[in-house]
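Every chain is named by a letter (A, B, C, D, E and F) in the order it is written, and numbering of its residues begins at 1.
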């Protein structure tokens, strides 16, 4: 159970040792929000933690505990969802980085498990940290890190609690998936309203939906958008390994830069 | 000179008349930041205004005056650049929307002229407005709205004060372009650090550079990144018309939705 | 069209040249608010820009682009008006000053086009800038800079969209004035509620009206207070030149102080 | 010692009784700042309290306890001065008003004892209260309420710890005045930098000085500006009674308005 | 009436003298809130001032004027009460400390007269001051400083406007106490909801009540909780002297520490 | 591994079911801070989670995921510690409560695992939630909930990473304790500086230490204060069960109140 890649599993002297050989730390960021009836509310945080842990193990770096609660205004339409104002999240995450920077950490990988939605405020926190603390900050999101894989596999566009997310959960936290409750739903919208970074057509930029706009997906499939019934643990493993490998490569390159 | 598509060119009774037939308004958002030695500091605001005006004319809607100053921390490396904290910009833009919503405007197109960079805080302001004011908000950015054109034309990736931006300025504000001072520079970076939404490879997410990271472009080409010397007014016209046509279509569809 | 007194019409290297000979910059501040049926919503920003441009030309200094949206809670009674919370405007204007101070600007003339109303928050931003950035800040308002002229000309007290403002617009942006729609209205209030700085009687201090308090002027004259029908381009010219000359003198004196 | 015009000298049931006959309350606002060597640091708060008490007694209304600490950045040059950020004071004063409005108070007289300087943030707090709480707010300042008297008496322009302020203190809190330490100093500045509301010439707007700008007055006269040695208790009495009478008249008129 | 232990009774040069021999200053913090029908709304501020003055006189140190308005959300149930948001109070008190620290004060005793309730935000302001200003800050509260006395005297648990508080007021501001209006009331609640720091049983932590939760005490005894009818000036004197003696000892020890 | 007492282990429809029978939810709050060389940085969060889980299981209620990062300015003296500004934590926790209140949760138990330190900002968040959201909020802290046990067992006063905390960790997360690295240290301080709520003597109120004040404990025992070497799993079990039993009783009583 003790896994020394997690900052909070270490005592301070172990962190002091670590800082002699590396200044990298991952900060996973998730959300607590509805993921249909077949996935748990903690899905985004769980996948952020799972990716962070694998990357940390393979790259030999530390990961901080997750920022569990994120920005989920649209999913407030269903119970259990928690949303924090993005202006508060910016300050909260900035303080995590600032504290760690005081101890000598210099390279921060902010890792979003809540595809797309958290990115905006993480960018703002990350820019401020770079500028004011003289540290380097990378922001990573699985949707951006698996464009090639999704294309290669012929995946549909990003939905919610969809095939990709469900497969991933089957692989990393299979005990939390209730496949029998999965329901498919294909959200129809104009091309220019697509938010998947893979879309090659012209698009508008992402703005989270209102609760009213979520209504159709709620009524049709209990908050799901996409085809979770097609999920498989094999695809989840491939996806997980793909994203992890990308990040491990990026970190290794980063470690040897000055 | 008087152009009634601009909100501030109208008297209040003219706006009252407009509100009887449409609830749409465009809010252009720009920046005051260095654009190499061949483009003016106001480039981003000027292009936001130029697109807003053309769209407003063709779609028969109003446009508010631009939010001139944006978020430009990275360009503070060169004089004349102004950067506003994104947390301030969120409040400022939100208040513009809230004021107009009080008068009965219900559909807001936030139009960024400062490719990519302003998007994060505009998303946050836009989401809050949708949720708290019961209005609809779209966020548009030329880089996202011209992915197809750029591919079709074989354009290189987004730089700064590059061929695309310079061509656009040649077309909409040619008198401000000093082509003789344009210098090309090809910023080398790993694929995963590309920020152009057209990139089909896996990438990290955008975080503005530090002043140090801007140093290479400053030293090599006075802050330019890309190939402005290849610019042409013809391409500028094609690009302008493309983006404008997209937005006119979107607005027309939106007008007839409930 | 290109006018190099405007910061945003310059490229960064031109600003670098300017900073070798002067550290002065003007920042015009306006508002978007109803100005009766005969003047456009952008009146305050237009007059701030017009004065700024003339002063900059005659004094040989730069002017930044205007902060277009100001504090106009009372005029929210009529459509098209936009009001930003003063606590947001303080931060926004402070960031403009701070950015420019980083580049070496040291003397800031904050120029209000929105007579009286913006002054309070501009003072607060100005004081903070002086103290934290070691720059000098002057706050100028046409109503305070034309007390002698108004007395000499036997002008009535400051109203809204009144003879003075209308005359000024006739001179600087005549194409925006619809004289045929001008309506006079004399707002009766006790002496101690006058807000014109020319009043020699004892007064209370200015606090913006509520929408209810604006009702009488709205019903009587479409938001006007004063005698716009008496306006003339000649008086507008005299007023403009008077205020400009005052500011040019102040800047010249300031330029040679250390 | 117990004086029932002071809110805090009453028990809650006595306030409940008062609210049956009046909805007016005065809120005095002062400062803790250097006032030369002959006046105490609490001068501004003491004079605000003295005027508030006299007005309350004569008009038969309540006065809340003073907001003792104000905005005094310029006087930080000498020890004992305390300055609160104006953005904090806005919130603090707003909360006082909001609390009292919850109990049924509807007419607030904000009374500044710290001539000129506090006005800007009091205006901002007052406007917000009017708009959000549906109450009426007046902002009063002795310098604005004694323009006629000062002219009639041939007083010099407002200084600091000057003849006017010292005379007033001699009358209301004579035991705190150390006349033997009073020193005169005539601060020379161009007409357009005068901040006294009586000035009939064209002026800029007030912005508090920096500590450096205060240096001359500090070195010449221990922080004094003006002619305190000419002070007299008689003039203090005349000034006090003048300002009090004005405010009593205003309140009586206000009481009978709806 | 002039008492030189009060900062605001001194002129700045007298404070300069003081700073040569001591860097200690007391900041009393009170509240304006209902205290039953027999005590005035200003009770908490009055007792904070009374303790501060006695401690200052006996320890030979200065005390700043009180922060009069505190955090009293629960007492908003009865008229006259004022409550400031704790996040505003943190900033306000921090600015008082920061200003004084600029002049050379280094040891701040924050003295609460509003038993228990203000402590949380005072701790937060105090910690920030210690960390950012390199000063020392102590937070004192009479309920914590008289645990031994209360036990020795067999006092009941802390109520509101109770025997302890009423006795104290009888001693320090007897003229404000209307004993004939005092009413006893024994608030019944489970042991674990007691907030008196003397309670030796297991408890939850204090959270201020809602107005609804205050209703019983309001209906039963006009906002009183405890046994004010048993109050005596003798016990008030004993209590006052006890708390003062504790604080004088603490200050003396502190004065000689580096 | 799946434990349905945790909110984030449930899907939204399971939460909807829960809300039909209970409106209670626990929110554990911890910290990431140094705990000597023998305990992990995540100790406070782990114990908050352990208590929350046991209480939830026994009382049949839900617990939200922990707020992992808390307020730990004093422990920044040793690497790995993270501290969030309390004003940010107030907003973050408030948003968690507000989100859950929107879904119908009405009774919130805020459970601190970071003995004493987090209480102040939790109180402020809790009060605001009660007042603005019409929910009930209890704040619980193990140090306050085990006063009787500690007395009965003859425990020394609260230290840091001490016998109590170490025993607790041995019981709930034994695999994280490195007993061989435990070092004892007895922090000497005057009685009035004790912060343990069990102290019956008169005390000041708690204010977190500066890094300098932590130096002695760091040098003497690697950040420990107390006698961890005396820890035992048996005592940890007794302590855990004691606190859990108290909270279960409180919740059951609360469940049946209206």
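Assume a residue touches a chain if its C-beta (ideal position, glycine included) is under 8 Å from a C-beta of that chain, and two chains touch if they have at least 3 such contacts.
Please read all numbers here as calculations on a predicted model, not as lab measurements.
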Fewest touch steps from chain C to chain F?
-> 3
Note: among A-B, C-D or B-C, over half of the A-F contact pairs reappear in B-C
So which chain is farthest from chain E, going by the mean of the CA atoms in each chain?
-> B
Any chance you could check whether A-B or B-C wins on number of contacting C-beta pairs?
-> B-C
With chain centres taken as the means of their Cα atoms, state the distance from chain A to chain D in Å.
-> 56
Between the Cα centroids of chain E and chain F the separation in whole angstrom comes to 28
Which residue numbers or ranges of chain C touch two or more of the other chains?
-> none
Give every residue of chain F touching chain A within the complex, in rising order.
-> 1-2, 6-13, 15-16, 19, 32, 34-42, 45-46, 64-69, 76, 78-85, 88-89, 91-92, 95-96, 99-100, 102-104, 175-176, 178, 181, 222-223
Would you tell me which residues of chain D are touching chain C in their complex?
-> 73, 86-87, 90, 112, 119-124, 126-127, 130-131, 137-141, 144-149, 151, 190, 192, 197-198, 200-208, 210, 246, 250, 253
